[in-house]
Structures are given as structure tokens and as C-alpha cells.
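Order of writing sets the labels: A, B, C and D. Residues in every chain begin at 1.
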Amino acid sequence: MTSFAPLFVPAALRAAVSDDAWLAAMLDVEQALAEAEADAGLVPPAAAAAIADACRPDLYDVAELCEQGRVSGNPVEPLVRALREHTGEDARYVHLGATTQDVLDSASMLVARNVRELVDEELTTLADVCSRLAEEHRSTPLAARTLLQQAVATTFGGKAAGWLVAVVEARARLRAVRLPAQLGGAAGTLAPLGAQGIHVLRLFARQLRLEEPVVPWHAHRWPLAELAAALDAVAAAAAKIGLDVVLLAQTEVGEVSEAPGGVSTAMPHKHNPMRAVRARACARLAHASAGVLTGGEHEHERAAGHWHAEWSALSDLLALSGGAVDAARECLEGLRVDTARMRANMSGDLDAGDLGSAEAFVDRALAFYRAAA
Amino acid sequence: MTSFAPLFVPAALRAAVSDDAWLAAMLDVEQALAEAEADAGLVPPAAAAAIADACRPDLYDVAELCEQGRVSGNPVEPLVRALREHTGEDARYVHLGATTQDVLDSASMLVARNVRELVDEELTTLADVCSRLAEEHRSTPLAARTLLQQAVATTFGGKAAGWLVAVVEARARLRAVRLPAQLGGAAGTLAPLGAQGIHVLRLFARQLRLEEPVVPWHAHRWPLAELAAALDAVAAAAAKIGLDVVLLAQTEVGEVSEAPGGVSTAMPHKHNPMRAVRARACARLAHASAGVLTGGEHEHERAAGHWHAEWSALSDLLALSGGAVDAARECLEGLRVDTARMRANMSGDLDAGDLGSAEAFVDRALAFYRAAA
Amino acid sequence: MTSFAPLFVPAALRAAVSDDAWLAAMLDVEQALAEAEADAGLVPPAAAAAIADACRPDLYDVAELCEQGRVSGNPVEPLVRALREHTGEDARYVHLGATTQDVLDSASMLVARNVRELVDEELTTLADVCSRLAEEHRSTPLAARTLLQQAVATTFGGKAAGWLVAVVEARARLRAVRLPAQLGGAAGTLAPLGAQGIHVLRLFARQLRLEEPVVPWHAHRWPLAELAAALDAVAAAAAKIGLDVVLLAQTEVGEVSEAPGGVSTAMPHKHNPMRAVRARACARLAHASAGVLTGGEHEHERAAGHWHAEWSALSDLLALSGGAVDAARECLEGLRVDTARMRANMSGDLDAGDLGSAEAFVDRALAFYRAAA
Amino acid sequence: MTSFAPLFVPAALRAAVSDDAWLAAMLDVEQALAEAEADAGLVPPAAAAAIADACRPDLYDVAELCEQGRVSGNPVEPLVRALREHTGEDARYVHLGATTQDVLDSASMLVARNVRELVDEELTTLADVCSRLAEEHRSTPLAARTLLQQAVATTFGGKAAGWLVAVVEARARLRAVRLPAQLGGAAGTLAPLGAQGIHVLRLFARQLRLEEPVVPWHAHRWPLAELAAALDAVAAAAAKIGLDVVLLAQTEVGEVSEAPGGVSTAMPHKHNPMRAVRARACARLAHASAGVLTGGEHEHERAAGHWHAEWSALSDLLALSGGAVDAARECLEGLRVDTARMRANMSGDLDAGDLGSAEAFVDRALAFYRAAA
């Protein structure tokens, strides 16, 4: 329901979390399952091939699947029915041994992986911009502000170094998130697959290039919680940049300004830091979605509601954390830095003489960044 | 970005919070402004008519407006530009004295009012279903459970009476929410309208059938907070029904079941309480959105981010609280009540003899409901 | 567990939500119950008197009760045991027909009522200070800022008028919150009181000067949700003042400063707006607590966990929303307004000529305030 | 303000997050700073010794410090003043080059480390109990429930294996959290320490056995966010156990029961799963506190409010996540498992014949646990 989504989230990210992307991911999961089961000798190779043929997203209409799925409470049940129809005589091998949640959870990991790649690229560019600012302004003095009061002198490079380390930390954390496959069958016992169950799980995870979980996580949502926390941290790193830019860009401060663009309907003379604003807005929404993914209560072997709430929350979190990074990157890429104003703003109490440690911190941040790349 | 939205939110509600609905509302606001200003003698009647002619939603493409609005951070700025083009020679009278936020905030109140009507109808039907269950089962004994342990006997009508009162309270609270117009001009001073400002505000609010605010609320979001809290309470009343139904429908309890429908891909024999599950899922997401609308920090005369985060949060909250009510209503409308099982489940410790007060509570709830209708 | 509580919450508020205050409230509830039941002829007057005698807080140690209550999960069970001991031979009339939750919920309403009175007084003083600022600075020009960019001219009185209306609205909302008694017996049926149940409920509510509920609300938490939303709005109104003061007090803006006090360990020259900071910190914590009270899922006739989480959340919310108001009041009471700086800061683009509507809004706000008093 | 804290949090944990514990940690930080600076040649050894002598918690009254700190907005400023008095003639070496936030942030890491040790022990015991249940009931059949409907057969050992893996994952995540020292001086530049700054930082971190940060994190809160997410995950793992036990212990299910203890004031026959309830309540509060620590907006070099809100949130989160684990451990340690009832409850549709994969998952979980120990 995200209102005015293109304002906040780039097209590539919107596409990557769209219902169509989820559909494609669900079909990838069904195909991988059939192939894993073919490898395990549970499904004839020809049937697996027929299923693979039927796993073409253009054969399905996701809006229709959702309408049909209203009564079963998920889009997988009608998808499996339609997939069976398209598969024809081998229909009985479709979705063999799997449950709805296996498909949706595994698909969510695929969606997350795709978005993670996009966000990782954005983070890398953002880190790069931060590092250039840190380097270029290693010794540019400006007032450090605590509680929004000028405190002592620091350098603008030192400020950028703080952003840089936070961005690199967030990227590292996002990269470290494990994305496990989900395959437990009806209720986490892989029962219908018999003695072959664990073997199929391994092949299935390998097929999808997802991690093989120790046990099913249908009702133990730590993988999602780990992912949510990492994305929340990503958004927070971007929002911090947005906040500092908004404050530095104030009319009375004027130490930075964004590239032209932020026009106002009522006041054409105004020059709003819209990208910084966007980063903050995205991060705020992302944080709310992260809270949905971390605080759920999942009853027994599948939750009666808290699982169903995750799908939108995950899509939103992925898109909006990415939107936050995109906005912060755009913001810093075009940033105009007014070093004269920085110096002029420094109140008489401040001593710009001793900036050695500020500079040393810049050097440490740059070294840290290079080591992390 | 809501994933699989049709699973959770009825089509009418989805439409009512769609970007197209927002576009129509924004155009209604621009038209009302021109008409109010014509009444006040600030805009020639012919210009107001020309603006009204141009305020036809089919002339605009909201996706395009969003793309164009990326740089100004909102969809109003490009809309006003386009509206001026469509208005032609009277373009200078478009958006006269208003600011972006006047349009978006007033539009949000129109969107909210439309959704409120839909949700109110749903709540009324839901209350009606609750009241029928309360009446029919006024004396049907079942075990009351505290901490999920059987405690004493109550009646199923008493349970329904609790739902009923909560639904009626939620409806009353939603109805009581004030929906003020927003018109403050560039920064809440109505400056460009001169001495006429307050007069225009009054006419504008009347035109939109919105409340006239004492002062602009650009950065004082109590109207939204009041609305958000009311919608959250609506969702909570629905979720409570969902939770109780999920628990009563457990295989081992079996005292109620939903109308057929909740099929499973892996277990055709299962009969899932999907509508109850849906109510809980919607309410959980609605609660997260409500938190975005209540905890914002709005700097000076317009917030640099927390305002922009509200639009999606409001759309989601409106749609999902409505979705929760819709699901609870569907759930109870088709509910099968197994009174024999209720009696059989009562453990020996329970005494079904004295249910007079439970029945008296049912009568009180029904009287309360009738008085509120 | 609130760390450094005296930094944030005045002593009177801390006392009003302390475990001792809860103990006193619980004893008031037990006493009122006995007296209501004596009035209804269910308890001999002498027994009610004996119980009243035993309802002296100094007879009980709340820490001990908590330790003892670990196993029953609440402090009421051991309290009732101790109360029976102190009551002596009439012990069987203690807690007659009531359940743990009746006592805790009714006590929570008493605690809330006491705190509401304190907060209402603070809000009234805060509104008064706002109104004086609005009046005094009705025509004092300063820059209005949107997205933290100077937009047009407004008056400082207009700014204060916005705070004033929000504070008055928050006070009205808090005053309007209904505080119902809770008396349902073991599971909301008043079963053990037989035909007298509803009559006792009425007498009990009257005794406590709490509202008489239509039905028990053990697992329907709309009264708490209503209270929580109102307190959250109170905190938000205070935080908005804090935020604006922090921004106006920035070194580069310098248009207001707090009364002396905010010293720094490292920088004695700094003058931090600590009261404004405190208001924001309190509101942020209050908002988190409000979310606990509004999003709970309460199973059947008593929740298995979400109820137990409410006690701390309510205490924190009451104390911290009050702390926020206290801080905002202190902040504004001592506020130094630098009108020359306000004028000097206005950038050349701004026109201070037309402030008629800003002044009109001040007048409206003051009239609204006087009508509400 | 935590109400009835001893009900929820064991004494050792309460002590470890008390204001006294924070005081001791702050004094440890001041002492370590003096010693690091002595090592660096900035402070005479005798002065460092005098400071160490004065860093005895019993010399200070934390409530008094908080009262005094109201005006400076933190307890460090009055503590430093008092510490200087106690240090006597070497007072000028106290707190040399440090700022308030250095002391509080470093102290928060010490408090967190101490609590982490306690929670880690609890988690280890909890994992051990889970592993014993998994092993003992590796083949004990019971119904798996999805959406609270019986789905297929699983084993109780399989259920315990799911808990076990989640607990082990949570413990690993908590252990992996980095706890960096904080030392940036007035505004993150270590300015007053001159060229020695980085050297002192290294010695200081070593002294405290905390990690040496790349740059100060005064306004970049990823270390706290990482810690908060880990503790939230710990609480969630405990709450999942609580939820499943509450559901399995329902009167109509009766497959497990807690050790005696959960008595009711109104219904002595009831046997409430109070420890499970407690785990859920603690986790719910912990989650709210975690949200405060992860979504903050920290302006420039020190936040004007969001930092101040962290102290209570961190204490609560530490104590309550620990309380959740403590409750889950107590719950499972005394758990009575009714295997006959498990079997009897299985509806006719379920086939207990094929539990091979469930058992295989148990084995995998146990191996994973042993490898992690």
C-alpha cells in the first residue's frame, strides 16, 4: 500500500520486492524442489523437466492468485493448483513433500538475496562517497556540535569518517546475514519424504544457493530477525547521514547544500535537502517494519497470524532500507560543501588549532574501509 | 509495497487508499481551495471554474507525478505544475496561497474520511453479528479460560458480549475522530492571503466538509495521532475476535469452526481458521503503522522526514485496520458453534449452575449496543 | 529498572507510580470491595471494618510480596494471603468474589487517576506559559522554517500558539479518558456473587469513584489503549516544544536559550538546553511504553503474558509522559527569548511585513485556550 | 520504574543493571582513564593512584547524584565534581580529556558485559535442558500443529530441538556482540589529549577489556543496535518456549504442565503455567526497549534526547531479556511431560508411523548444540 512509492524507492528495488518478484521466487523454489527430488530419485527426470517448464512466471497472474488465495490465506495454495494444471500428467510430482511455508519462506530468502545485492552495491557506492569526503576534508575545520551546541572544533573529514565507519559496519552486518532455505514439509518433519528427507533438504538448499538449516525454522524466526536487524542498521546508517545533512544545510548554518532539485510549491527560493529528508523518511518506515519481523510470536509449528504479517513487513523493510541508502548516496554525491562557511560559523570559543586526533580518526576510518572492501 | 495485498484487504479499501485515491483527493483540495477563494473574492469565478475543470483525475498520471516529484520530495509540486498547465490562462490562481502540505494533509483527511465510512459499515455489520451471537448464546455454557486454563463456567454469549462492547467502543472512538482541514500557506501564517486568510480557511474547510482547525497543524500532529489511535483500537477489537476464534477452533478444543475454505497445500483434511488468522495479521501490521503516526518529531513549521513517512503509514493503517475488521466479520458470519463440544469440554471442576451474572452482562452489552446504534 | 530516574521524573510522579503506590491502590481496592459487599449485605459490617483496618499499607512489604508472588505471577495472591492474616477471623470475607486481575486492573485505574491529576496540573501550567509567550510575542517576527530551511516570516507568538493548542488538546484528551473499575470475578462472570453481582459492581465502582463498565474488560483492553494513546499525545506535545527549543537554541540560531543550568563536564562554556532534551528523552521512552499497552493480544478471559507486561509499561508511561511535561514546563518557564536575534537571523528573502494571519492565529489559539480552561 | 520487578527479574540481574551497578561502572571507567593516562605519561602515577582510591562506590550516593544531575541532564557531571573533591589535590587529573558520554557509554558496555555473562550462563543451562528434552523425547510422538490445527505427527524431541537451535543461535549471537570502549573527548576528536589521543584510547580500551573502536561512536549507535538486536533475539527464543508451553498446557491439551506453583486467588484448583507466562511478558517488554535502542536519531556529535533515552532502555532490555531466559529455564526444568496424553490427543487423521525425519532433525540439533558448546 506504500503511497507514492516511486518518491522513496528506486524502480529496481520496487521491482525486486514486487508481487511479481515474489511469484518468480516461489516458482524458483518449486522448480528447485522438483530438481532436488529428481536428484534424490523421488521424482522422474521427465517430471522435473515438465515442472521446470511450467515454472515460467508469465503463465501466472499474481493478482488473481491472491484473490483465489484469500480463502486459504496465502498465494501458494492457488499457485500450486495452477502449477499442477500447467504441469499436466506429472502434476502429482509438483510441490512433493513441501508445505506452503516452505515455498514462501524460501522465496523470501531469494527475494532478500536479490535485494541484498542491490543494497550492497548502493552501500559500497555510499561508502566510497563518504571516504572521498573524509579524505578531501580530512583537515577542513568546522564546529563539532553536541546537543546541537557548538562544542569544540573537528574536521568535516572526521564527520564523514563517522558516517563511513557506520556504513561499512552496516554493510558487513548485512553481508554476514545467513539466508537459509526452508524445507520441513507439512509441519517440520519432512514426513512424506521418508528417509530421504534430509538428503532432499541438502540438495534443495544447494540448488537455491541458500544455507542448509539445522532444523526447519517455520516457527523460529531468528533468520528473519537477523536479517531485519541488519537492514534496520543499514537504514539507520543512511538516516544518520540524512539527519546531519539536514542540520548542516539549515539556512542559519549553511555549511552544506544538496545539488539543486528540492523545489517548493510556495517558495521557489527555497532549496530543500530533499534527499536527506527522504533517507530519514525511509528509515523511519523501515524501522517500523523491522519491529514486525523481530517481535512475532509463532505458535507451535506455524503461526496463526504473525507469520502472515511478515510478508509485507519484509518487502517494505527491504525496499525502504534500500531507499534510505539510495537517498543518502544521492545526497552525498551531489553535496556542496562550503568550507568558508564552516570556518566562519565557528564561534570564538572554539580552537581549530589542535585537530590532530580528528585527522588520526579519519586515517583510521579510511584504513578500516580499505581493509573491508 | 504491501505484499499480496488482495489476500488481506478488500478491493474497495485498497482502492480507497490507492495513489489514485490520493490523487483524486488532492485535486478535490485544489478545487475546493479555488472555490473558497472565489467565494472570498480572491479568485475570479471563471478562474475557479477553469481550475475545477482541470481537477479531473483522468488528466494526470500518478506514477509519473511521483517520478517527477522525486526531486521535490512530494507529489504535489509536479501536480500543481501540471494542473496549472491544464488550467491555462488562469494558471496563476491555482494553489493560491497554499503549500504542498496543505494539499497533502487535507487530502489525507479526505482519504481518511472515505475509508472511515467503509470501516464504519464493516464495524456495524461486525457488531451486529456479535450481538446475534451474544443473544443466541446468552445461556450456552462453556469454560472461561484464564491464562489458557479452564477457570469457571461462562456462556458463549458472554464471550460474544465482550467482543461486542469492544467493537462498539472502537466504532464510537473512530466516529469521534476529528478530521480538520489544513490550510496555513507556506509556513502556517496564511501570509499570502493577507487579511482574508482566516476567512478563506473557513470557506475552504466548509467546502471540503472538514473541521476548521484553530491553527495550522503542519507540525503538530495530534489530529493524525488521534486518528491512528482510533484505527489501532479498531484493529485490536478485530484481532481479539481472531485470537479467540483461533484458540476455540484448535483441534483439541473444537468449539467453533470457520465456514469452509481454509485449505492447506500439504494437508487437505485440515480446516484452518483463515479469516481469524487474517484479522490478527492485519492488526499486527496496522499497529506498526500506527506507531509511525504517533511518535513523529516534527521540526519547526514542517518536518524534514517524519512528515514524509506518514503517507504510507496512514494508507497502510487505514487499509489494514479495515482489513482486520473485514476478516473478523467474515469469520464470525460463517462461524459454526458446537455447543455440545463446549459443554463436553468443561472440566469436572467447573460448575455451570450459576451463570446469572454472565447472562446479565450479555443483557447489558446488548442494551449498550442498541443505545449506540 | 528506569536508570537515573530522578534525572527524568519529578519525585511526586515517581512516588505516584512506585510499587508502594500500587500497593496502596490495591489495598484501596480490597477495602472498597469489602465495603461494597457490606452495602450489598454480602459481608457483615464488622468484617468490612476489620478488612478496612487491615488495608493499611504499612503492614505490608511490597518487595517481599513480589518475591512471594514470583510463583503465582502477580503480587495480589500473596497480598490477599497476608491481608487475610491481618484481618483475622473475618478473613473469609477478604477478596470475596474477586480475582487477581480485578484488583490489579482497578488499582491501575487508581494509580492512573492520581497521576492524571499531577500531569493535568503540569499541563495547565505549561499551557499557561505557552499562552503568555503567545501573547507577549504575538507580533515578534522570526523566520518560519520548513524542512529546516527559512521559509517565510512568522511570529514567535504564532509558534507558541501552536504549542499551546497542542497542549490544550492533549489535556482535553487526557481528561476525557474514562477510567473504569474492574470486577468480574474469576473469569468475568461475577459467578460467586450470584444475583447480587451487578449490584456489587455498581457499588464497588462508586466506592472507588471509577466508571462502571458495561462488561468486564479483563481481556478487552480498550480502556488502557485509550489511556495510553492520551498519555502518548501528552508526551508528544511536550516533545514538540523540546524539539523546537533545541533547534532555536542552536549556537548558529541562538534565538532562545534555557535558564542557566545545562553545564558540561568537558566544556564549561557550553549552555545546553537540558530541559528540552529531557522532554524529548522522556517522550521517546513513553512512546515505546504506549506501544506495549496498545498492541497486546489477550487470550480468552485473561492473557497469558501480555497482561503481565502492562504493569511496568503503564507505570513507565505515566511517569515519563509526566516527566516530559514537567521538563517542557521548566524549559519554557525560564526561556530567554532573543527577539533581536530572531529579526537578525531572518534572511533577506523573507518579508516580515504581512504577519496579520499569524497574529490572527495567535488570537484564535488564546481564545481556544481560555474557552478550554 | 519497572513495577513489581522481583516478579520478573532475578535479584542478580536486577543488581547488575541497578543505578549502583552503573555507578560502579562509571567509577571503573574514570579509574581506567586515569590509569591509561598514567601509562601514557599524561597523569602522574601518584595522581592515578589517588583517583583510583577515590573511585570507591561507597563514597557516592547515586540518588543524590541524579538529583544534582537534573540540571546538567546526566549523572556524570556531578559524579566528576564529587570525584574531584575526593581526589583532593590531584583533582585536575580526574576525567582528563574525557566527556560525559565517554563515561556513560563505556560504563554501559561494562554493565552489558556483566549482564551478558549472567545471561550466557542462563542460556547455557536453558540449552542444556532443551537438549535433554530433545534427547529423552526424540521419538515421543505428538501432534504437530500449524495455525493451531493438528497437522501431522512429530515428536516432542523435535519440538525441543527447535527450541534448542534457537537458544543456541541466540547465545552465539549474543556472544558475538562487540562491546567497544568509548573515548572521544568533548566531541569525538580527543582534542585535549593532543598527539597522545589514539594511544590513550588504546590503553583505555585495554584497561577496561573492551574493544578499541575505529572512531568514536557517540552519535553512531551501531554497537548498541547490535547489542539490542542480540538481546531481543535472546528474549524471543525464550518467549517461543513460553508460548509453546502455554499452549501445550491448556486444559484441553494437557500435554505438559509446569512444576507446581502457579496458584490463583480465585481458583485454587487451577495450575497456571506462570513461568511460561513470565517469559512472554519479559520478552514483550524487552522488545519495546530494543526498539528504543535501534531507531534513535543522533544529531551531529551527540544527540539531544535520543541518547538520554537509551540508558533506561538498555537497563530494561538487559534485565528483561535475562528475565525471559530465567523464566524459560525454570519452566522447562520443572516441566512434566505427559506422553500418554500426547499420544491420546493425536487425531485419527495423523499417522505416527513415519517419524524418521523428525528424529533426524533431533540428532542434527543435538550435534549442532554439542559443536557450539
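Note that in this section a contact is a pair of C-beta atoms (placed from the backbone, for glycine too) under 8 Å apart; a residue touches a chain by one contact, two chains touch by 3 or more.
Everything numeric here is computed off the predicted structure, so don't read it as measured data.
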item	value
Pair in A-B, A-C or B-C that repeats C-D, with over half of contact pairs matching by residue number	A-B
More contacts between chains, A-D or B-D	A-D
Cα-centroid distance, subunit B relative to subunit D, in whole angstrom	38
Between subunit D and subunit A, distance of the C-alpha-averaged centres to the nearest whole Å	26
Where subunit C touches two or more other chains at once, by residue number	99, 145-148, 151-152, 185-186, 192, 239, 243, 246-247, 262, 264, 266-267, 272-274, 277, 280, 284, 291, 297, 304
Overall pattern in which the protein chains touch one another (line/ring/star/complete/other)	complete
Interface residues, subunit B side, partner subunit C - complex	99, 101, 144-148, 151-154, 158, 161-163, 165-166, 169-170, 173, 185-195, 197-198, 214-222, 225-226, 229, 232-233, 236-237, 239-240, 243-244, 247, 280, 284, 287, 290-291, 294-304, 351, 354-358, 360-361, 364-365, 368
Partner subunit A, residues of subunit C touching it in the complex	143, 145-152, 246-247, 249-253, 262, 264, 266-267, 269-274, 277, 297, 345, 347, 349
Residue numbers on subunit B that touch subunit A, as the complex places them	1-9, 14, 17, 19, 22, 62-63, 66-67, 69-77, 80, 95, 98-100, 185-186, 192, 239, 242-243, 246, 261-267, 272-274, 276-282, 284-285, 288-289, 291-292, 296, 304-309, 311-316, 319-320
